[in-house]
Amino acid sequence: MKTNQKKAWLFLAPTIIFVTLFSIYPILRAFGMSFQSGSLIDLTWTGFNNYKYIFNDPEFWLAIKNTLLYAIISVPVGLAISIMLAWIIFDKVKHKSLFETTFFMPYVTSTIAIGIVFRYIFNGDYGMLNFLLRSLHLPAPDWIDDPAMSLTTIIIFGIWSSLAFNIVILMGALRNIDPNFYTIADMYGASGKDKFWKITMPELVPTIAFLLTMNIIGAFKIYTSVYALFNGQAGVGNSGTTAVFYIYNKFQTVGTPGVAMAATVILFLIILFATFLQRKMMKKIGEN
Amino acid sequence: MKRIRLGVIFSYIILFIFAFITVFPFIYMILGGLMNFQETTSIPPTLIPHHFEWGNYAKVFARAPFARYFFNTVLTASITTLVSLFNSLLGAFAMVNLRFKGKGVVQMVMLSLLMVPGEAIIFTNYNTIAHMGLLNTYIGLVLPFLTSIFYMYYLQSYFGSISETIYKAAMIDGASDWDYIWKILVPMSKSGLFTVGLLSFISGWNSFLWPLLVTNEDTMRLLNNGLSAFASDAGSETQLQLAAATLTVVPILILYFIFRKQIIKGVVRNDLKG
Amino acid sequence: ACSNGGNSSSSSSSSSSAKITKVKKNTNIVFWHGMTGVQQETLKELTKEFEKDNPKIKVKLENQGAYPDLQAKINSTLQSPSNLPTITQAYPDWLYTAAKNKMLVNLTPYINSKEVGWGSSDASNIKTALLDGAKIEGTQYGIPFNKSIETLTYNADIFKKYGIKKAPTTMAELKEDAETIYKKSNHKVVGAGFDSLSNYYTLGMKNEGVDFSSKIDFAGATSKKVINYYADGIKAGYFRVAGSEHYLSGPFANQKVAMFIGTSAGEGFVKQGVGNKFTYDVAPRPGKYTMSQGTDIYMFNHASADQKAAAFTYIKFLVSKSSQLKWANATGYIPVNNAAADSAEYKDNKKIKLPAKLEDAMKNLYSVPVVKDAGAAYGQLNPIMQNILAAAQKKQNVNSAINSGKAKFDAAWKQ
Amino acid sequence: MDNNKFVEVKNLRKVYDNGHEAIKNVSFSVKKGDLVCLLGPSGCGKTTILNMLAGLLNPTSGEILFDGKSVVNVEPKDRHIGYVFQNYALYPHMTVLQNVMFPLIVGKNKKSKAEAEKVAQKYMELTQITELADQKPGNLSGGQQQRVAIARALVQEPKILLMDEPLSNLDARLRLKIREEIRALVKSVGITTLFVTHDQEEALSIGDKIILFNDGIIQQDDLGQNFYLEPNNYFVANFVGNPVIDNFKVTKTENELKANDFTIQLADLKQARFKRELPDGEYTLSVRPENVVLAPDGFLHATVDDIELIGRERVLKFTYDNVQARSLIDLEVPIKHGDQVNLTMKLDRVFLFTPDGERVY
Amino acid sequence: MDNNKFVEVKNLRKVYDNGHEAIKNVSFSVKKGDLVCLLGPSGCGKTTILNMLAGLLNPTSGEILFDGKSVVNVEPKDRHIGYVFQNYALYPHMTVLQNVMFPLIVGKNKKSKAEAEKVAQKYMELTQITELADQKPGNLSGGQQQRVAIARALVQEPKILLMDEPLSNLDARLRLKIREEIRALVKSVGITTLFVTHDQEEALSIGDKIILFNDGIIQQDDLGQNFYLEPNNYFVANFVGNPVIDNFKVTKTENELKANDFTIQLADLKQARFKRELPDGEYTLSVRPENVVLAPDGFLHATVDDIELIGRERVLKFTYDNVQARSLIDLEVPIKHGDQVNLTMKLDRVFLFTPDGERVY
């Protein structure tokens, strides 16, 4: 069995080569840059100045706060809705593929294109959403142009766009559960609830862990949907700014790559910690 | 012999609400692509265009070489899909079925790499490609995406659900790992591979910033780059944007409809006993 | 660790000050731009024309997406200068560090050259204010190309309906008219709004005699006066902002706002949106100054002497009277060339309203000086103002928003 | 309610999706509280029948009645059935204890966890898996998994218990013990049980009756010893019994049965055992090895091919008419490979079959 | 090369990840071409040993030698092994034919498809699955799947064949047939085979020798009949034999063995069979039921609890000292439930075990 060593590395070789070249090297470079100041073409070492800068920058903290809130809210909610929908489709519905196709559609479009549409739907004056809310005599906030609503809007949009991927993956996992498990449970008189909690969920644990990891990582990297939703801006008054927005802005617009990379490093550490936490949690759940 | 119960009806209601929420933007996008400019910006909003402006599509095609974009996109998306699928397949296999020193480290590194926002490394990759002299080439367009940790990670979780005795049996039968991958793993994971393939193809299809960076000429650009052809520093032609968006989405949707069956069926139970 | 900044100027530093001669061999140049739609079409036509006149020179037009994309692309490519184009469209502040690193060509010698240039900047007939706007720390690195200014667009029918005789010329009049419309329309129609809040603030200060610089006290009395002018209007309802739509042309076309201050290049969209619903007209921006916007053309240092000469020949062609006429008439940008702007051909353009008013509108142009972090600070103004005005919208006191705005504004100057 | 027909199956038929007719026409009934063994060669349809009884498979046609009521449209969960699957079908994500408890903590008659655990413990003791309580099925040996499956099926004390080769992976000792425990349990609780086994000895020793299938139909539905003593047909005679029955091709002419080497007068046979008039023609004369006995004047002359010791018995093997035949002989008789022997048959214990398997004597 | 030690296992030990020590210290060797049966109660570690031999599991310590060479670092595919898994492990996406052909069309010694098919056909005939060639495993019955697994293991004619209860789901008839075919095949080709079974009769009839495991160690490694006649220890004596051996608690004092009811003089025992000097104390006297015989003057006085017919034998059950005991009796003896009988033992056939299981007589 020890000969596996060489073989394993051989199989991993293409991945490792590409990853080293196009992921690891740039990251190391980025890490180095976080200790440098100046523009991309003339960098000088400044030690921890960039870190000091971002820690004193309220904008950075707003970005981090928004990102964290977004991740904490949109990921579990999105996942819960996805699980619910996937389960309904899987368990209750005849025309599975019809619904599955439907729910997969958002994944097919570019966020940019669909963001435009959402901007219209969310529009405070004449958006479809507020039209609906008003006709139901519900409060109709200004989703897009009120800074206080920005994050809420981003979260809603984020949940909407996360459903597609989650549902498709979950459906795959659900199909992979041995149908015997359910027939046996049926035989023992298990109710729908029993089956869901005692069989489906435990069997889905690995998939949910996978999705959770993906979603959390994705949530921390949120950028495009904000960009699309607010027409290239991080919401009115930058109220919806996110970590990557901050990074991109510092890098491309302001032209201080060092600061951007320092922020990247901090973001990376936060994601690392969140993922670590999440895995710990899932392990606990998996064991029970 | 299932009776229709309240729960089922309730489920259907939820499903329909969400299905509507999901589909509505698409309907709006398609209809919007057939409106005239005034309709897209009118108050109250127009849903059904008064007159279908098919001419929008003509304008879209006139604005940017969409046919060429289309070709480029299909080409690069296919290449990245095939190669990255191949690489992730091998990688995921090694991670799942082989035992070797450093597996934990590899796993950790890979997972950490997933956490790095692409925006933070894209300029270095650009630099690398530039140094390789691959700017404005198809190779330059696809090179950094020929492997995907994400897909590898997904496949790992997929392969993990195939019973280990199947691998053991293959070993006993004298199959090399290569045999195992192609004769057993691939046929047994068809649906997983299709899913990954589709995801990969879609992300290739939707790539925007990278092709813009590494190519200089219109003839090398991809579909999504065409989307920005309708915005200027003074405003944007929404109806054309929507038409173009429709244009980029529809082929993928068709593709999905075609392969949906493959993705959905062909899910064989992995183990028969035990 | 892998900065490539150093080696860029070696090939060309000698040639830049040396004799500039006409292009004799076949030369290819590359032009990066961010033009789309009809703008791109026109640019292509002009270029074809140019190539016909100068058979030795081939111009490769390369569209790099919208402005932010173009900016990102330039930013990334500065690391490997050999991949830069010969010339590019750009806002000066994008190229601040490139200029600092001597990667740009000082165009003064070319302007002054008898052979490829005009002999002097005066002879170029380019509006001085615009030419000044293409300087980075005093050096003429750019030649203005596609420029627009802020103008006032108004709904002539509404004006007539509520008895407003002529377009406002001062900010006080603007306020007065806006209030009138708002009241008389029973709060159905908002009086006025500004597309760009950065411009609003910068010009507001300029009109108060304060130049845009790091010395501005954002929470100071003058600044507050400027801010409150808008904020009060919003509180009272007669002013509004564009919000995430960025442009008020939409609400304008839907008769939700009676007039707005926005870029002149947007007239095409106004026209398209308004259709036959009502008559609109254009007037100079109220107040003394107006903002000039739009990009200039810059030249990179790594090119050969021939290419540079060829590129400059091309630039010269683009800003010539005939080209600018064609350009302005097709796109709605203003002619940078005085001769073109003054020509009857332009002024008599009936398709759009701006040309007739242009002369008045352009009397006092202003643009943000290109110094370190000015671009960042200017950009930061937009969210700051949005926050303040959003507070006003909710009828809150704007002072705290101003104070936090001050912190951000000051921070923006110290990146 | 007719307790003699607690489970009743009428004209059951099952055609699989691929067109294979696994069950052709099966009818039988089981008395309340009885333990019936289903026997039959591999692939004859035993599992298929159990699956239909459990409601996991829809019959193509036919009726299934429990306690007089048709259950064809009743969902599995309402059939009150326990089922030990041939492939165990344990939940891989649950521990042994959780697997065993599962039927008790789901559905309408949920028990509290503590209670369920107590009941589960009892059945885990019975199947000797108490120590494995916290293991996941993946960590168990084949036999251990099988025992978990048994415990899980028993734990809810179902009305009807279906067991599909539940002991196939257990060693003889444990097998004996558990099957006796199962029998005692189902008898004391009164669970009607269908028990698939391939072990005839097992079927004989625990079944109240045995149903022997082949080829999708019932070959014999009877008390254990009758399979041996009064097989319905050629298949049954050959399927049951160890060592296997001896078959001799014979031709009937007038009043004798002629084989290659010997002739039997019909008059020597016990007339009462004839099922019907025999037309002349080919028949198979079958006789169990213990009824083929050494006799100095025996009419069967054979050369000993081999003598095999099975447990405490000796089997004399010889070839007759190119077919191997056997005789059971005492341990003491001094016979060895190659010897010439004379054998005779106990003629009141032989069977006669027509070429298509019908038993006529 | 030492043909007597074609497969050799030395001090093998396996501790599973969860800390369970499945194999404690196992050493044995197998002669080239021999068919060895592994026997042992459920969960004793048989599968674990096969997995280590196959290279699917790494031993925690110890050596495995094939043909004198250590194979611990050799990959499974290079060990030239055939393996019938206890749970079959068929490839669900392949047809039966493809499953069986698989070993022939992969790896170094690939055959052409036509050739492979021909070989596969041969083994499919042997296991009687020819008609199922185009079915997927999901459509097969348990026994059919098992036969596919057997064919797949045989098809490549491996040097070493490992079979983990390969016949557990087959009916007696087929089982007998296939096991004989397997034996004939491995003998003719000279395949060294390790065959796990829980069926003692099977082990006796096809094994050249038998290795009996329990609790992770070898209890006896011997020829078949010796397990019966000369068990190594108490466990073996009790594990092997049907009906199970009778055990009586006795106390040795001076020169007699005293049970509750009877006394045996040590002098009456066959002195040569004593393994060692016996200190005074508790012992277990074990005797196979057939050596407990009816005798009018027998020293064992018992009341008949039950008389059971097993096949062609009768077992007399009685309770002695609260423990059930058995005696095999002739069919003819007229005895019934409740009768008082006298029994004696064949003293040269009894065994004596110390309380920790060591056999001393």
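Chains here go by letter, A, B, C, D and E, matching the order in which they are written, and residues are numbered from 1 within each.
Definition applied: a residue touches a chain if its C-beta (ideal position, glycine included) is under 8 Å from a C-beta of that chain, and two chains touch if they have at least 3 such contacts.
Keep in mind that what you see is a predicted model, and the values were worked out from it rather than measured.
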Just to be sure I understand the contacts, which chains border both subunit C and subunit A? B
Of B-C and A-D, the pair with more C-beta contacts is B-C
Let me have the rounded angstrom distance from the C-alpha centre of subunit B over to the C-alpha centre of subunit E, please. 57
Just give me the whole-number Å value for how far the CA centre of subunit C lies from that of subunit E. 92
Distance from the mean Cα position of subunit B to that of subunit A, given in whole angstrom: 16
For subunit C, residues that touch 2 or more chains besides their own: 2, 4, 72, 75-76, 79, 246, 251, 256
Touching two or more other chains, which residues of subunit A qualify? 1, 29, 40, 125, 178, 251
At which residue positions does subunit B touch at least two other chains? 43, 123, 269-270, 272-274
Parts of subunit A lying in touch with subunit C, wherever the complex brings them together: 29, 32, 38-43, 57-59, 119, 125, 144-148, 229-239, 250-256, 259
List of subunit A residues in touch with subunit D within their complex: 178, 180-181, 183-191, 194-195, 198-199, 202-203, 205
Under the touch definition given earlier, write down the residues of subunit D that touch subunit E in their complex. 16, 18, 20, 39-43, 45-48, 86-87, 135, 139-144, 146-147, 164-165, 168-176, 198-201, 204-205, 238-239, 242, 244, 290, 308, 310-313, 328
Subunit B contact footprint on subunit C (complex, rising order): 2, 4, 30, 32, 34-37, 39-40, 60, 62-67, 69, 72-73, 75-77, 79-80, 83, 85, 148, 246-247, 249-251, 253-254, 256, 262-263, 265-266, 268-269, 272-273, 275, 293-294, 332
Listed in rising order, the residues of subunit B that touch subunit C in the complex are 37-38, 41-43, 63, 122-123, 126-127, 130-131, 135, 209, 212-213, 216-218, 225, 228-235, 237
